[in-house]
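One structure is given below, represented as structure tokens, and several questions about it will come after.
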């Protein structure tokens, strides 16, 4: 409400893949809304900006997630159907999608760039590898994909011309066909989406969207995004057994405070780090 | 975003019960956002206002609910704990509540007005009746409730003074104690809340809040609220058997009991049917 | 648990469309679990079977939905992707789907029967009509759909043979390709699914699945299903304005257009109202 | 279904606090259901038990959570209202609670043991400390709590005797009053509940319930529970900055395979651990 700071972000079309996009349509709240909501729980009044940053980082570190639910984003996204199928698995969002029953599907399909045509990974059963397919083969494959997409839409047109119901005529359209939707989600659940979809194991074609959305929201909730980046995105979790191995590896003891400060660990975060280290070193 | 129309509504404290309130903190979207979201599905461009109204009413009538999820409200509410316990059963909302573990509970309890002290209903096991308790008795009861609330907070203070942990000291505080929360919900789920909590069978103390919220959102989504009022709030649903009876009725009065039994309407179902029919025949 | 009554239902494959199926894998609870859960709320002991039926019908009639959430079903479903895309919009369920990233897609596509190839409806923008397409044309269309499905899988094979990653090779597979999933849902949410997907406006291909599931669960919760059938599936809801007209009707036939307009029923709403009234008057 | 292994667990009342309990009412699925659901996604057939264990641990480690949603538990719980208020914040569960509007509240309140009366923590604003209050004071406090609970129920009785509606008469009952509910949840969401409520920062009175539930489900899904214990409950997560500090502390390099095996790190878990360590040591 009444917020003109993000005017230049709203409605702007950020290109994704060859024909897709992400547009931020609306936003409710910012860093300060999170602080405000947390302070309802703690019964404290407003404080300085540096205390706000500390509070946000504390909430993120301790997975006190409900204040992050108080910020809401609405996006307009254009994306291939096979990406939409992965995306929709995130259930805690509101969606309105273009309907192939109501409306004619537009002739727009995702055609991968040369660089996206990769060999199956040997080590990761669900992913492509870094290995390129032979350049000539790649060109042939892209040609074949494009020709097929063109032909499938000719068959679609033919059926529509014969007055076949849209809901039937579309059944052979390819998973590469673009669809569009409005997608509304709160920041906590968006972070969960981003954590999974920014991951290197996510399919490249959905990661592209996650990266764009991450760039957009970073500008709206900079302090919270930084905390997410530090405590979630770039964190590592060690299991019970791994902590034993880690303990064996740690010959040097906990670095002194000056050293810790160089790493960006200070204040309450330092206290907690020391407690965390002592708990597994002395276990 | 960028919306100054509702400035006078935002933050305004609407009194509820003796010490509670509802404040609208923020809103995302309005009638036009619903139309816009629906048109993503239907693949149509924007149209005239009268067509917008028609579309909204069509969506409501046919329970096409997802476009209503595209509007979001954030409220600040102060309410007695026994009301909060009914309210929280609506799961599709985001909540940050004041914590009696972090912070001292404020000495504020709900003390019913004379008019709210009613006899147990004989026909409805979950409700109070219209029957007032004897005036003198009512005064005594209110006096007793108030005295007890005062005494319970003295015991609470005494425990805090002895440094008993807040999370233990509060266990004997009464269900009438006020709490506060931020509550964020989309319009579709808010309508579901309102339908249940505006109902005459809802407890009076939560209905008061539902009425205030309904007055607030009616100003923000007037066309959609009108459709909700027509097609949901003030609608009647007739079962398979009732529809048979209704048909017969259209040639005469309410069928006699033998006839109703032929339609499969008997026992409690018959009683309810007659009430329902009389209510619209004699309206 | 410990329940052998439904042994013959569990695991049985119920055919849907040309190559799909529904299999009930597991169930938690039955009619009596609903009664038991409701009685926790009402604090009453167990009663006779006829009282159980009365209670279940009361709960259904008054939309006291939480006891119905206490029964849970797990299904194994094989379905075309375009059906899966409609199905997945029901968010309050648990899903494990076959992955085209992990595993090779099986060459199985939905090929409609002659009877399913229909003309676009003129009155309902999202549906097919009852009108058949010319028989010769229909045969040609089915032939074309089948040929294309065959060819698309040849191209898929070719890419896999060239070691293109599965997640890329599958992007041109058609929406008619079959997928499989485990789908777990509680009875309340399953009823919501069935209400929408048994509706004549639901696409035929998903309605087939809804009908099979409805036949299965009717055997497990017969009393509850009957209540659902009476009070939800075959009910009619009349709006505020329609109720006024209904009242007038009970002294005569359907009011004329001028009269209806007085009640606020006009345009599309009037058309629908007349259809609704005729449907029960002429039933 | 058809499962007699857990007969002795079903319905058994596990005492919690002074008058509460947890009873497992029903369960759908076990370790093998998780494996089965995961294999739908991966398109693989059934394998040996040791491979099943490996798969479950892989799923847990990589937060592939959907197969864990395929197991469902239904509990009957008796708990003080202030515990119920924390518990209900877990939204992805089904609940039927005893109603103080329908039924008279039973005179049962939580009266803490001597050991539970502790001083407010100085370091943790939301918790009690380890410090006992003076023994004599503690006895007085417990006496006062008990007397007050008795008196509040006398006032409740008095109002009921005067025919005050139950929904009003109960407003001054204390938060320590016991309530009961049926609570149904899937294993993934139950793990989330347990992680938060087994934590040392959870209030003691809810932790007691989490511990009992954790003991029950450990017997039903032993392999999955062990994985939860290793990879979630007893894991530590290090932030971006903390990983830098950890790197400085690690002088010794990664322990050799024999050493790692002593810590219980072998097979795929060893490969992943080495990758994890290299990624931060070489960063």
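Per-chain numbering from 1; labels A, B, C and D assigned in written order.
Please note the rule applied: a contact is a pair of C-beta atoms (placed from the backbone, for glycine too) under 8 Å apart; a residue touches a chain by one contact, two chains touch by 3 or more.
Bear in mind the structure is a predicted one, so any value in this text is a computation, not a measurement.
> Counting only C-alpha atoms to place each centre, which chain is farthest from chain A?
B
> Count the touching C-beta pairs: is B-C or C-D ahead?
C-D
> Report the inter-chain centroid distance for chain B and chain C in whole angstrom, where each centroid is the mean of the CA atoms.
Once rounded, the distance between the two centres reads 30 Å.
> Provide the C-alpha centroid distance between chain A and chain D, rounded to the nearest whole angstrom.
About 29 Å, centre to centre.
> Nearest whole angstrom, what separates the Cα centre of chain C from the Cα centre of chain D?
Each chain's C-alpha centroid was found; their separation is 36 Å.
> Could you check chain B for residues that touch two or more other chains and list them?
Touching at least two other chains: 42, 95, 99, 102, 125.
> Among line, ring, star, complete and other, which one matches the pattern of chain touches?
The chain contacts form a complete graph, every chain touching every other.
> Along chain D, where are the residues that touch chain C in the complex?
Against chain C, chain D makes touches at 1-4, 6-7, 10, 26-29, 33, 36-38, 40-44, 66-67, 69-70, 72, 74, 76, 94-99, 102-104, 180-182, 184, 186.
> Which chain A residues qualify as touching chain D in the complex?
42, 61, 125, 229-231, 234-246, 248-255, 259-260, 263-265, 269, 273, 276-277, 279-280
> Chain D touches which residues of chain B in the complex?
On the chain B side, the touching residues are 80-82, 84-85, 88-89, 91-92, 95, 99-102, 110, 112, 116-121, 125-129, 133, 137, 141, 144-145, 148-149, 152, 155, 158-159, 162-168, 170-177, 203.
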